[in-house]
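One chain, subunit A, appears in both complexes that follow, with subunit B as partner in the first and subunit C in the second.
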Partner chain A sequence: MTDRLRRAARRLAVSVRRVLRVARWESARASGGVDRRTLAAGVALLLVAGGVVGVGVATGVAGLDVDRDVYRVGVDAESPYADAIEAEPSLRAVPAGTSSLGDSADAVVVTVVRPGSVDDETVDAADVEDVIVRASDTRKGEAAAAAVREAVEAHNERLMRAEPNRTAAFPVTVTLRYVGRTTGFDDGATLGGSDGGSTGGSTDGSADGTGGDGSGDGGSDDESGVADGGTGDGESDGADAGGTDSGDGAAESDGSDGLLGVPSIGGAAFGADTVGSPGSITPPFPFTSLLLAFVFLVPMNFLIQAYGSSILDERTNRRGEPLLVTPLSPGEIVAGKTLPYAATAAVVTTLIAALVGGGALSVIAVAPVAAAFLGATFVGAMFARSFKELTFVTVGVSVLLTTYAFVPAIFTNVTPVALVSPLTLVVFDLQGEAVSAGEALFSTAPMAVGAALLFGLGLGVYREEDMFSQKPVTRKFLDALAVRLSPVSVGSGLLDRGLLRALGAVALLTACTIPFVFVAELLAVAVLFALPVTVSIPVLLVSIAFIEEVAKSIALYAGFERGVFGRTDGVDAGEGRGGDGGTLRVALAVGIASGTGFFVAEKVTAVVQAVGLTDLFLGRAAFADVAGLSGLPPLALAALFFAPLALHVATTSVASVGASRGRTAYAVALTLATLGHAAYNVGVVSLG
Partner chain B sequence: MDSRLTIAGRELAGLRAEKTILLAIGIQLFIAAFSSFLVVGLVSMYDPGALDGAEIEVAAAGDAVDDLERAAGEVPGASVTPYDDPDAARSAFERNAADAVVVATRTESGRVSAAVTAPDSTVETTVIVVQLRELLRTYELNERDARASFLEESPLPLPDRGETSPYFAFTYTVLIPVLVFLPVFISGSLVVDSITEELDRGTMELLRVAPVTVGEIVDGKAAAAVGIAPAQALLWLLLLEANGTNVANVGPILALMTALTTLVVAVAVGIAAVAPDRRAAQLLYSVAVLVLFGGATAMAGGPANAVARLAIDSADATTGLLVVAYVGIAAAAYLGVRRVVAVEGFGR
Partner chain C sequence: MIEVSGLRKTYGDFAAVVDSDFAVDDGEVFGIVGPNGAGKTTTLKVIAGLVEPTDGEVTVAGFDAGDSEMRRHLGFLPEESPLYEEMTALSYLRFFADLYDVPREVADERIGAALDRLELDHRERRLGDVSKGMKRKVAIARSLVNDPDVLVYDEPASGLDPVTTNSVLAFTRELRETGKTVVFSAHNLYHVESVCDRVAVMNEGRIVARGSVDEIRERHGETTYRVFTDVEPTATAALADLDATTEAVGDRFRTAVPSMDAVAAVREAVADAGGEVVDIRSREPSLEDVFLDIVGRPMPGRYTGDRGGDSLGVERNSDSDESDEGDEGDETSATATEATE
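Take a look at the complex of A and B:
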C-alpha cells in the first residue's frame, strides 16, 4: 500500500517537473516573441488608452455622449427654454423662426407668455404661463418631445439647487428604507401584490424609522450609517443631499462602499437607507460595482489572444511534433503550456482586486471565468485551421463568455438567477455583502467543471493526426467526441463486458454535457427573462428541449460518423437486412445508455434547489423535474421521478436511430425528439 | 491591377472556404440580439413605464396624506390608499396589501418629510422604487408650486408628458453604431492575421518570388478586407430597415465606415509589418484600435456620434465635413503605410 503510494507520489513529482519545464519553456518563448520595441509601443498605447478610459470614467459614462445633438429643437433665443435645451447634450437648438417642423426641426418649443407682462427682449421664467412642444408626427418627434421634457426637468433641478430658500426649493425630504416582509419572498411575485400570504406579525417594519425622529437609528443596524438628514433639523442636510451635482447619485450611501470616491449609484443595495429630495432616490442598481466587475473581464480578452496564438503555433509547420514524440504526455504538454497564462490571469486578477477593493472572494470567483476563457480558447485553437479562423473563434469565445458572465450580474440585486454568473459574486463582494458557501459553490462550480471538460475535449485531439491536418471545425469536434467512446460493433453480444464498458463511456460522455446544458439553458432563461411570460415560456420550453436533445445525441452521432459504433453503410447488400437490425440494436443500446447517463447527471444537479432558484417561475420551467414534488402520493412521486428517465431514453433512442442513418436522418430525428420533449415539458409545467 | 485582384480574390476564397465570414456574421448577430435583449430587459426592469399595467399600491399615512393622494392622481401607475395611522399602513404592507408605505408628515420647518418603506430584495423592488420616485417628484413639484412666491427664480412650466418608446434612442445611438463598426474591427483583424500567417508559414516568400510588388500585395489584401466591411454594414442596415427602423443617409454612413475600415486596415498593415509575430501583432492591434476608437468616441463628433446623427437624420453641414475629413485621413494613412511597407518590406 505504502509502496504504491510512494510510486504514485514519485510519478506525480515527475509529472509536475515536466509540466513546470514546459511552462518555463513556454514563458521564455512567449516573452521572446514580444521584443522590447513592440512591448514599449504596446505599453505606450496602453497608457494612452488608460488615459482615455480614465477621462471617460471621470466624465461619467454619459460623458461619451453618443447621443449628442441627435434631436433638433426649434426654440427662440430669448425664450427661457433656450438655456434648458442648450444644456441637454442630445438636443440641438435651432432658431424657431426659420425652422420647419419635420424638416429642419423635430420639435418646436412654443411659450405662451402671461398677458400683461413686461414686453422687453428676454422673457422671464415667471412670465411663462404655459408651454407647448409641437413635435413632428414621427417616432423621432415623440422621442424629441420627451427629451425636451427631461431637459426642462433637469433645468428646473439646477435652478432649484442655486436657490437660497431651501425649504421652498426642496419642500419634500424623503427617507427611503428597505424592509423585508415577514411573509417572505414568494407572495410578492406579481406586481400589485396579491392579498394572500399570512398576516403575521408586523414587528419588523414598524419598530423604527417613524417619520418624526429621522432615520438615525434605522440606519445603524443597516450598516449604511445614515446619521443625520432626519427631518428635525433637515433644513440644510436634506437639501444638500439633493444639491450634490451627481443628480442621480444618492450621496449618503458612500458609507457602505466608498469605491473610487464615485457616489455609488445604489451601490449599497438592499438594507441601506437613503435620504434626500425625491429626485435623489435611486433604485437599487449596483452600477459602480458592476462596472468594476467588468474590469476583471477585460484582461482575459488580451490573454486568450496570446494563448490561442501559442497553441495554434504548435500546429503550424508541424512545430509541435518534437514535443509530441518526447515522453511527455499530451496532458503534461498542455498543462505546461497553459500554466503561464493561468498564472498571469491569477496575478492580474489579484492586482485588479487590490485596486478596486475586492477581496479574496473576487479572485476566487474570477478564477473559473479565467479557466473557461482559457479552456474555450484551447478548444478553439485546436480546431481552427488558420489565424483568421482562430480570430473569429477567439472573438466568439470572448463575446459569449463575457455575455454569460456579465449579463446575469446586472440583475444581481433583483433575482437569484443572477448567481449563475461568478461575476455576481464579485458584485456582491464589491458591495460588501456576505455570500454563503452554497451560493459561491453554485456560482463557480458549473463554470469550473465546464472549463475542465473543455480542456478534456481539446486534449482528445491533441494528437498527430488531428493537430497537423486541415479539417473543418465540425469534423474535428466530432473527432474529439469520438475519441472518448469505445467501439460497439453490430455483432457484439448483449452482456459483453466490452459492450457494457462502451455503453458506460456513452453514458459518461453524455453526463459530461450537463454543465454545458446547464449554461445554455440558463443563458436562454437570462435572454428570455426580458420577454413577457406568455412568449418566453413556450420558446423556453422548446429551446430547452432542443439543447438537451442535442447534448444527448451529439456524441452518438459522432460515434456513428467516425465508425466507433457499427453502421451498415459500407456492408454489401447481401446481409443488408440483418445488418440493419443490428444497427438498430446498437442505436437503441447507445440511445438508452445516453438517456440514462443524462438522467443521472440531471438528478445530481438537483443541488440548484439549494439556492432557491426554483422559486422563480422561469426557473421552475427550466428545472421542472426537481421542483415542487412534495405533497404527492408515493406512487405518483415515483412515477414523476422516473418519468424523465423514460422521456430521455425514448427521445434519445429516436435521435440515435436517426444518427445511425446519416446526417439528414439525424436532423429529422432530432426535430422529432425535440418536439416530443417539448410536449412533455409543456405537460409538466401545466401539471405543476 | 490584375495581380492585386488575384490576391484579393485569394483572400476572399480563403474566408469562404473556412466559412469564417459566416461565423463573423453570427457573432455580430449575437451581439446585436443580445444588446437588444439586454436593453429590453433593463428597460422593463428599470423603466416601469414600459411595463404594461405596472401599478403600485402605496399605503400612506401622516398629516400630509391628502396632497400625496392628489399627486398620485397625476402619476400613471401609482395609487395611494390613505390609512389612519402609520401602524395601520405598515400592517397593510406586511399583509402584502400594499407595495410600499409612505408616511408624509409636515415638520415645523415648513417642509414635508416622507418616510418611505419599500420591500427588500424582491424582483419588483426596483419597479416600486422607480414608481415611488415618480410619485414623490410630482408631489415635490406641487409643493414647490405652492411655495413659488418664496422662490427667487421660478421653475419653468413642464411641457405635457408624451408617449415615446424607450428603445428609440438606443436603436440609433448604440445599436446602429455598434453594427456599423463591428465589421471595421473584424476587417483590420483579418489583415493582421493574413499577413502574419503568410510570414509564419513562409508563403510570403513564395508570393515575393511572383512578379508582384510588396505594394500590390498590400493593396490586394487591403482591398479584400475593406471590401467586405461595407457589405456587412449594408446587410445590417437593410435588416433594420426590414424591421421597421428607418435609417437615413445610408450612403454617407457607408462612406464613413469604409473610410474608417481603410484607416484601421492601414494601422493593421503597419502593425503586421513591424511585429511579424501574430501574438504581438494582435495584441498591438487590439490596443491600437481601442486607443483610436476610444479616443475618437470621447471627442465631440466622434465616429459613433456621427453615424447616429446620420442614421437618425439629424446631420448638418459639419457632419458632412466630418465624413470628408475621415475619408481624407484614411486615404492619407493608407497611402503612407503602403509607401513605408513597400520600401521597408515585411518583417525586417
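Take a look at the complex of A and C:
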C-alpha cells in the first residue's frame, strides 16, 4: 500500500514537473511570438487603460465629482433641509435671506412654519407645515428643483436607514387573500411561491412592502417641485411607489429573509406586483455592481484569442506532432499549454477584484467562468479546421458564455434563477451580501465541471489521427465521444467483464453530459423566464425533453457512426465490431446503459433543491422529478422515484435503435423519444 | 529491436495498412519503400506510437508501441518539419531535451554535436527565418536529443536540394555505425538503396516484397538480354513463343529476350532473314525496375470488405521494361560470340 502510494506520488510529481516544463516553454513561445513593437503597443495600451481606471478610482476615492456645486440653492441654515442640501455634492447652499432667485440662486427652499410654533430661532420637523421649492423659470432652474427633490429623498432614506426600529422606518402592510389551487399553467399567482409573504401582494397590488417609505409618494407635484418630507405612506399603492428608486435597501434587507439567503423576489419597492417573471416586474437593476462584474469577463475575451491560436498553431502543418512522440501524455501537454493562460486569468481576476472592491468570493466565482472560457476554446480550437473557423469559435464562445454569465446576473436581486451564473456571486460580493456555501456551489459547480468535461472532450481528439486532419467539426465531435467508448459484445454473457466495462463506459459518458444538460436546462429556464407562463412552460418541457434525449443518445450515435458499435443494414443481421450479437441487441444494451447512467447522474445532481429553485414554479416544472416527492406512500414514492429510470431507459433505447440504423433513422427516433419524454414531463407537472 | 506482427490499420472502410509483418534487427537500417499512399507513413507512425493500430502487435525496444517508456528509446522525424518558428534552433532543441528529462549540460553537448555534424549554423536565429534544409536538420537533431536506440525517419531527404540530401543520407549511414536502429521510408529508391541494409516494398497497404536490396533484385528482377541485329529477325514460331518484340534503333534492330536460350532463337531468326547478330547486351535490374515490376499491377484486397486474393503474390508486369539503351540499370555489352559461348 505504501509502495503504491509512493509510486503514485512519484508519478504525480513527474507529471507536475512535465506540465510545468511545457507551461514554461509555452510562455516563452507565446512571448516570442509577439514582436517588440506589438508588445510595446500592448503595454502602452494597458498603461493607458490602467491610467484611466486609476484616475477613475482616485477620483472616486478623493470625491472629485465633475458635477459638484452645479446648482445654487437658497436655504436657511436652520431649515430641516439644510443638511439634505449640504449632503448633495451638486448643490451649493447659499443663505436664503440674501439670495435672489435667478441671480444668486437657481432655486430657493421656502419653509412654511406652522403659525405660533416657533418660540425661538430653531425650526424642527414638527414645526414645518409645508416646504416649497421655488426655482427660476429656466432649464437650469428646473434641474435645480429636481436635484433638490432627489437630495431630500436621499436624505430621508438615510434617516430611515439610521432608524433602529426598522419596522417603524419601513412599515409593511400585508393583505392575505386565499385563492383556490389550480394545476394549469396559468397559475401565475404561484410564481412567487418562494417569496413567502410577498406572494399576497401579487394578487391585488395593495401590499407594497417597503415601497411606501415616505419618500416615494409620487414625487413632485409640479415643475417647481415639492418634496414631501412627510412620514411613510404605508398605504400607498405600488404603482406610486414604483416611481422611486428607494428600494435597493429594501431588496438588500429582504435578502436575509429569503430561502438560504437568496434575495426575495418580492422587493416590493419596485411595484406592488413585483413577483413572478420579469415580464411583470421592473427589476432592481444592480447597475454598478453588474457593470463591475462585467469587467471580470472582458479580459477573458482577449485571453481565449491567444489560447485558441496557440492550440490551433500546434495543429497547423502538424507543428505539434513531435510533442506527441515524447513521453508526455496528451493530458500533460494540454495542461502545460493551458496553465499559463489559466494563471494569467487568475492574476487578472485577482487584480480586477482588488480594483473594484471584490473579495475572494469574486475570484472564486470567476474561476469557473475562466475555466469554461478556456475549456470551450480548447474544444473549439481542436475542432476548428482553420484560423477562420477558430475566429467563429472564439466569438461564439465569447457571446455564449458572456450571455450565460451576464444575463442571469441582471436578476441578482430578483430571483434565485440568477444563481445560474457565477457572476451573480460577484454581484452579491460587490453588494456586500453574504452567500451560503450551497449557493456558491450551485452557482459555480456546473460551470467548473462543465469546463473539466470540455477539456476531456477536447483531449479525446488530441491525437495524431484527429489533430492534423481536416475532418468536419461534427465528425470530430463524434470522434471525441467515440474514443471514450469500447466495442460491445452482447453474445458473451451478461456478466462478462468486457461487456460490463463497455456498458459502464457508455453509462459514464452519458453521466458526464449532466453538467451540460443542467446548464442548458437552467439557461432554458433563464431565457423562458421572461415569457408568459402559458408559453414558457410547454416550450420548456419540450426543450428539456429534447436536451436530455440528445444528451443520452449522442454518444451512442457516435459509437455506431464511428464504428465502435457494429451497424448493419438489417436488424439482427450483423455483428458488432468485436461483438457477437446483433445490432438490435447492441443498440438496446447501450440504450439501457446510457439511460441508467443518466438516471444515476441526474439523482446525484439533486442540488437544485438546496437553493430553492424548485420552489419557483418554472423551476418546479424543470426539475420536478427530483423534488416534491414527499407525502406519498412508500410504494408510490418508489414508483415515482424509479419512473424516470424507466423513462430514460425506454426513450434512450428508442433513440439508440435509430442511431444504429443511420442518421435519418436516428433523427426520427430522437424525435419520438423527445415527444415521449415531453409527454412524461407534462404528466409530472400536471400531477405536481 | 522492432517487431511488427499482423499490423492492420483502417480508417473507416479504408485500409491504410493490411497484415504487415516484419522485424528490424539492432543496428540495422531498414527501408520501407513504396509509392504515395502505399502505407509507409502509417506504418512508421504506428511504430512511433502516434497511431493506434486497428489490429496486430508492434513492439519497439521491448515495449509496446505507444508506451510512454518506449518513447524514451525512440526518435521520430516526420515527413515534414514544421517547427515552432518563433523559437531559435537552440531553444527549440533544449525544449525537447527538457521534455525527455535530459540534463541541460548533456543536452547542450548532444545538440552541439548533432548541429556540428549536420553543419547547421545560425543556431540563435528564429526558426521562421531559416531555410527548409536547415529546418530539416534541426528536426533531425531534435530526433537525437534523447539519444534514442531507435530512429524512425519518414522521408528524411524529401524536398531537399542535392547537397542537403547527400548530407542527410550520409548522416543516416553514420547513425548505423553508432549502433542506432533506423527505420527509414522513401519513395526515392536511390535513397533507400544507398542507405538501407534491408527493404520492405509496400503497395496499397501491403508489404509485397522484403529482404536485402540484392535479394529483392534477385527474386523479383531478371536479367534481360538485348540482341542487336543488322536486319529484322524473321517472325519465327520460336520468337512468337517468347513474346519477343523487335524495334528499330538507328540502323539496327533490337530484340529484347529474357534468357540466353532465347538469344539463340533470335540468332536463328536473323540468320533466316540473311543477317547476323552484331551485339548482345545484358542488363541487371535496378531496384527501380524491381519496384515498378512489383507495384505495376494493382493489388487486390485494398478495401477491408474484400480481403480475397493472394496479396503477396507478385506478378510480372509485361510492359515494365521498355527502356532504351540509355535506361538505368547495370548493362554490360558482349560480343555475339561471347554471349553465345
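Criterion: the second predicted complex is superposed on the first by the 425 of 688 C-alpha atoms of A that agree within 3 Å, B and C clash if a C-alpha of one lies under 4 Å from a C-alpha of the other, contacts with A are read in each partner's own complex, and residues count from 1 in each chain.
Assume contacts are C-beta pairs under 8 Å (C-beta built on N, C-alpha and C of every residue); 3 or more make two chains touch, one makes a residue touch a chain.
Values in this document were obtained by computation on a predicted structure and should not be read as measured data.
In the superposed model, A:E465 lies in contact with subunit C only, and not with subunit B. Of the two partner chains placed by superposition, only subunit B is touched by A:I410; subunit C is not.
Looking at the superposed arrangement, the partner reaching more residues of subunit A, out of subunit B and subunit C, is B. In the overlay built on the shared chain, the residue A:A77 is in contact with neither subunit B nor subunit C. Of the two partner chains, subunit B is the only one touched by A:S90; subunit C is not. When the two structures are aligned on the shared chain, A:T316 is found in touch with subunit B and with subunit C.
Contact with subunit C, but none with subunit B, is seen for A:V325 once the two complexes are overlaid on the shared chain. Contacts of A:V22 after superposition on the shared chain: subunit C is touched, whereas subunit B is not. When the two structures are aligned on the shared chain, A:A40 is found in touch with neither subunit B nor subunit C. The residues of subunit A shared by its contacts with subunit B and with subunit C are 33, 316-317. The touching residues of subunit C, counted against subunit A in their complex, run 11-12, 45, 48-52, 68-69, 71-72, 74, 76, 78, 80, 82-84, 86-87, 91, 95-96, 98-100, 126, 139, 142. Remark: subunit A residues 18, 21-22, 25, 28-29, 32-33, 316-319, 321-329, 463-465, 563 touch subunit C in the complex.
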